[in-house]
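In the two complexes that follow, chain A is the common piece, with chain B as its partner first and chain C second.
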Partner chain A sequence: MSREFIHLKVKRQDTAETSAYWEEFKIPYKPNMNVVSVLMELRKNPVNVEGRKTNPVVWECNCLEEVCGACSMRINGMPRQACSALIDKIEKSPIVLEPLHKFPVIRDLKVDRQVMFDYLRKITGWVNIDGSWELGRGPRFPEKDRQWAYQLSRCMTCGCCLESCPNYSERSPFIGPQAINQVRLFNAHPIGQMDREKRLDAIMGVGGITDCGNAQNCARACPKEIPLTVSIADLNKDTTLYGMKRWLYK
Partner chain B sequence: MSVLEKNHFFIRKLHSLFGVIPVGLFLLEHLYTNSFATQGAASYNSKIEFLQSLSYVLYIEVFLIILPILFHAFYGLYVVYIAKNNVLRYSYYRNWAFYLQRITALITLVFVLYHLWALRISSALLGTEVTFNTMVQHLSNPGMFAFYVIGLLSATFHFANGLWAFFINWGIAVGVKAQQVLGWVTGILFVILSIMGLQGLFAFL
Partner chain C sequence: MAEKRIIVVGGGLSGLMATMKAAEKGVKVDLFSLCPVKRSHSVCAQGGINAALDTKGDNDSTWEHFDDTIYGGDFLANQTPVKEMCDKAPGLIYTMDRMGVMFSRTPEGLLDLRLFGGVKYPRTAFAGATTGQQLLYACDEQVRKWEDAGMVKKYEEWEFLSAVIDDDGVCRGIVAQDLATMEISTFAADAVLLATGGAGMIYGRSTNSIINTGSAAGAVYQQGVSYANGEFVQIHPTAMPGDDKNRLMSESARGEGGRVWTYKDGKPWYFLEEWYPAYGNLVPRDIAARAIFKVCVEMGLGIDGENKVYLDLSHKDSDFLNIRLGGIMEIYEKFHGDDPRKVPMKIFPSVHYFMGGIHVDYKHQTAVPGLFASGECDYMYHGANRLGANSLLSALYSGTVSGPAIVEYINGLDKSAKEVDKKHFEQELKRQQEWNDKIIKMDGSENPYKLHQEMGDIMTENVTVVRYNDKLQQTDEKLQELQERWHNINIQDASAWGNQGLMFTKQLWNMMQLARVITIGALNRDESRGAHYKPDFPNRNDDEWMKTTKAKYTPDGPVFEYEEIDNQWIKPRPRKYDVDKGASKNE
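Let's turn to the complex of A and B:
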């Protein structure tokens, strides 16, 4: 598709407290751009469609290859990464950019994704190997488990799954699929297994795994194609069995 | 921590379980019994009489039917409330099913409360009998008949789709393919139960 300008419509917000407003821009077209490079172009000359000079649009990015999750935003309504959103593949004009709306906005398209890292802390989203003595080599990861576990490990904490989940909102305490999936990952790890029950406990309270309603938007939204609904179902089995054990061993 | 919070996992699991056992099983029994209406008044009446003559019938009704339904329904209202539906933005089949599960929950609740009142509680209070003719009269108003058709379809959808979620919530259907096949199976179940229920209803016309 040939175009002279890329027409952007950006939902802006100057501070966390002030209200949002829309601003439109026209950026000279070059081939092979993505949303990040368009925003960088805009930064050079931040003039809106009315010809008024304005503050450059604020956004976050880091890896530029869809592995860090920092540049996640809503592009034409759908949550995805700005760095892998190729302009030549977007038919719609104007291209509408909005911040993810399940996270607090810091400024313009930049949101605070801290809550997801807090969830990881809550579920012990790591393998405990620190000790006061030499632990030696750990056990090997069985290859057949490593294959699916690797898939789960590709999560970049981008938040697209939470953004699309109907049960993840300010109305409900649900922790969401991102952290639940990590429980499955670290429980599959031969050393991580040692904290297995602690991780299950962490997702069996209010807002835990039972609060998923199986809408399955999350698996659709995940840019890393992580089978989130399989992780949830698998942990449904684990939590159910563990729940019975917890009860009978009381 | 409140008692509710402390037992959150257990309560959620109970909510999921009750939808299938006993409430779902009761729905199956109920639709099957009603289908005897297609064999005529005598056949239908004898089945109703048989059920009413069961020993401990009052206890069965209260503890295995009404209380589980009330728990499932009223805890379910909270579950409906906390969802922020987004089917217009994410209009995937599964997301629609999630939304419809909540809509049919509300419709079924209204329907069941009315149905229970009109055909069980009031007859128990007034001492009237429920027979084939009672049903014919009850459904003679086209508006009422339509209400029953909607109530029936809501209940069968809510049950079939709920059964799908049940198998996932208990970690029985785990893989993508297993969940998909289960979706088909429960979809067919919805159609079969709906046809059976409608045949029973139309027999009263």
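Let's turn to the complex of A and C:
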């Protein structure tokens, strides 16, 4: 698609407390741009469509190659990474940029996703080694299992799954697909599985796995194509069996 | 003495490893980071991590790893710490494996190894092609465990501004700024570790993350800490040029059989294989980058007349590529559009890694007692050129040295930071507050991002693959002009909340200081060694230049001194890759 300008419509918010407003921009088109490079161009000449000087748009980004998870935002209504949103592949104009809806806004497109890291604490999201000193070779692990576990371990905590989940909101206690997926990952590891029950306990009860409504939006929204719904299904089975056992042997 | 507390600045591999080591010894850590630590730049490392595990029947050894590293670094690194690193590497990898890193496996479930540049044996452990991400996540998880235990307090979205140094010249804490509220505060600590990574942003576009400005290193440099070997900047031969950044295409692509070529006389020309028969496509990065530069710039043989050559994996099986190199296949496909399993990738060299950095001793302490540095921001392990897959190793390993060294240091202190006269903190806070107030009021006519682009362009043009003294001289003059123009910036955004432009303007100042260190360091060094190549001085000159460069800040620009090198283990020999490197003896 040929265009002379990239027309941006950005939902802005000056502070965490003030209300949001829209501002539009036209940035000269170059081939091979992405949403991040457009915002970078804008900083060099921060003028809106009315020709008025304005504050440069604030957003979060680090790696620009979709491995850090920083630059999540809503682009034309879809939660995704701004770095891999190539302008030449976006037909719609204006391109509408909004912060993720389900996290508190810090400023403009930048949001606070601390809650996702808190949930990783809640589920004992680590392999509980005795210490980082040398103890010789680690456990053997079959390559075929390693391959699917590796897929799970590529989660960047970007928030796209939570943003797209109808059962997750700022007010809901649901810990969401990303944390559940990590339970499956750590429970697959030969040392990690020694804390298996502790992690299953963490996702049973209020805010746990049964809060999932099976909309399956998460797996579609995940930029890393992590099989989140498979993880949820797998842990549904594990928690059910474990729940029965817990009840029987209490 | 009161409760012991240290500060770690930077939550990449080195900072997190040091944090873990300190917490294990019962020392509380305040961990500062520009971003949630899980988003640190270590995630970008792709190909793997070196350790002579010798699980492939090659009779590999830690000595061979050590020799490859010293030889690959063209005899500039101090040898003893490099030897220690190579000796400890296998144990470190096994520890990371216990932490749950999803390393690729052999059919019997052991760690698999692959080939990398500048070596003869597979020595690189890997997790697909996202090894850095996987290692960082494991460290992030362990530090989260310590956070849960109350031993680590994270200050994420805070930027380090400067160290607090008392009248005795001892570091007693830091000044940092909250990136949301913009509040500037002091934090006391018995010792401070900087693990703040590289400085790719000095070159505008590089393979680095946007956060790799080197600003923290630039700040302590201006406070009197020496910056070492600044002129040694690694240019990675295979990156995908981009508008916003150059995206790395891992050396593991060549380790797994990728071939570099272009057309000559209408036929594919595998110039690396022709010029360097002993190592072929797996010559070290400085050699490969120069070869590609020569083919494109000097011979005009780039693809379609552009500065690009092919990196070709299309002859390999797609499933094999997905399992071993999935991460980079995905990046190329997403950002370029072509499928690298079917058509060759188009690549060109890009600024990638800083061998130089903050000058430290073997325990990673700077000349300021109590101020330590480790990871890419130090200068220790790579000499004049880093071998692929040694950076993840040096990042982690340096953290296993700096963490315990800091604990040892604070155990020897006679007073805690809490007992230090408050005036030192107040003075440094005042200095930073005034600097902040000056910048927020700047209403000149320059745009900081445009100034940055100008700096990046001239640095990339003149201080990368091939260096000439007249061009370096011109670059330094330009850098001084840019510094003048910095004072005429218009800050655009004067708000006191989440102000990224204000922070960038501060970072830019610090980047400009280091840019001069790099440029004048290169100008002074009249020889060619590793990544530093001058056609007018094409040979290595050990008599005059087998020395560590140390730049010291003065308001009139950097002054340089040169330090002898520890080469007690391996006698320097000429470095060539058209024939086998030969062996040094472990006597």
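Points to keep in mind about this one:
Quick note on the criterion: the second predicted complex is superposed on the first by the 241 of 250 C-alpha atoms of A that agree within 3 Å, B and C clash if a C-alpha of one lies under 4 Å from a C-alpha of the other, contacts with A are read in each partner's own complex, and residues count from 1 in each chain.
The rule is simple: a contact is a pair of C-beta atoms (placed from the backbone, for glycine too) under 8 Å apart; a residue touches a chain by one contact, two chains touch by 3 or more.
This is a predicted model, so every value here is computed, not measured.
With the C-alpha superposition on chain A as described, chain C and chain B fit side by side in the combined arrangement. After overlaying the two complexes on the shared chain, residue contacts for A:S169 are found with chain B alone; chain C is out of touch.
Touch criterion not met for A:Y249: it reaches neither chain B nor chain C. Counting residues of chain A touched by each partner, chain B versus chain C, the larger count belongs to C. Legend: residue contacts after superposition of the two complexes on their common chain; A:R220 is shown touching chain B, with no touch to chain C. Aligning the two complexes via chain A yields an angle of 160° at the C-alpha centre of chain A, spanning the centres of chain B and chain C, rounded to a multiple of 10. Smallest inter-chain Cα distance, chain B versus chain C, after superposition on the shared chain: 20 Å. Overlaid on A, the two complexes show chain B and chain C touching no common residue of chain A. Within the complex formed with chain B, the chain A residues making contact are 77-78, 164, 166-167, 169, 171-172, 174, 204-206, 208, 210-211, 213-217, 220-221, 227, 229-230, 232-241, 243, 247.
Remark: chain B residues 5, 8-10, 12-13, 16, 79, 81-86, 89-90, 92, 94-95, 97-99, 101, 164-165, 168-176, 179 touch chain A in the complex. Those residues of chain C that touch chain A in the complex are listed here as 17, 20-21, 24, 35-36, 38-41, 43-44, 91-92, 94-95, 97-100, 102-110, 112, 127-128, 130, 133-134, 137-138, 141-142, 144-145, 147-148, 156, 180, 209-211, 242-245, 247-248, 323, 327, 330-331, 334-335, 400, 447, 449-450, 453, 492-493, 495, 497-498, 500-501. Partner chain C is touched in their complex by these residues of chain A: 14-16, 30, 32-34, 36-37, 40, 43-46, 53, 55-56, 58, 60-70, 83-84, 86, 106-108, 110, 113-114, 117, 120-121, 125-129, 131-143, 146-147, 149-150, 153-154, 156-157, 185-186, 189, 191-192.
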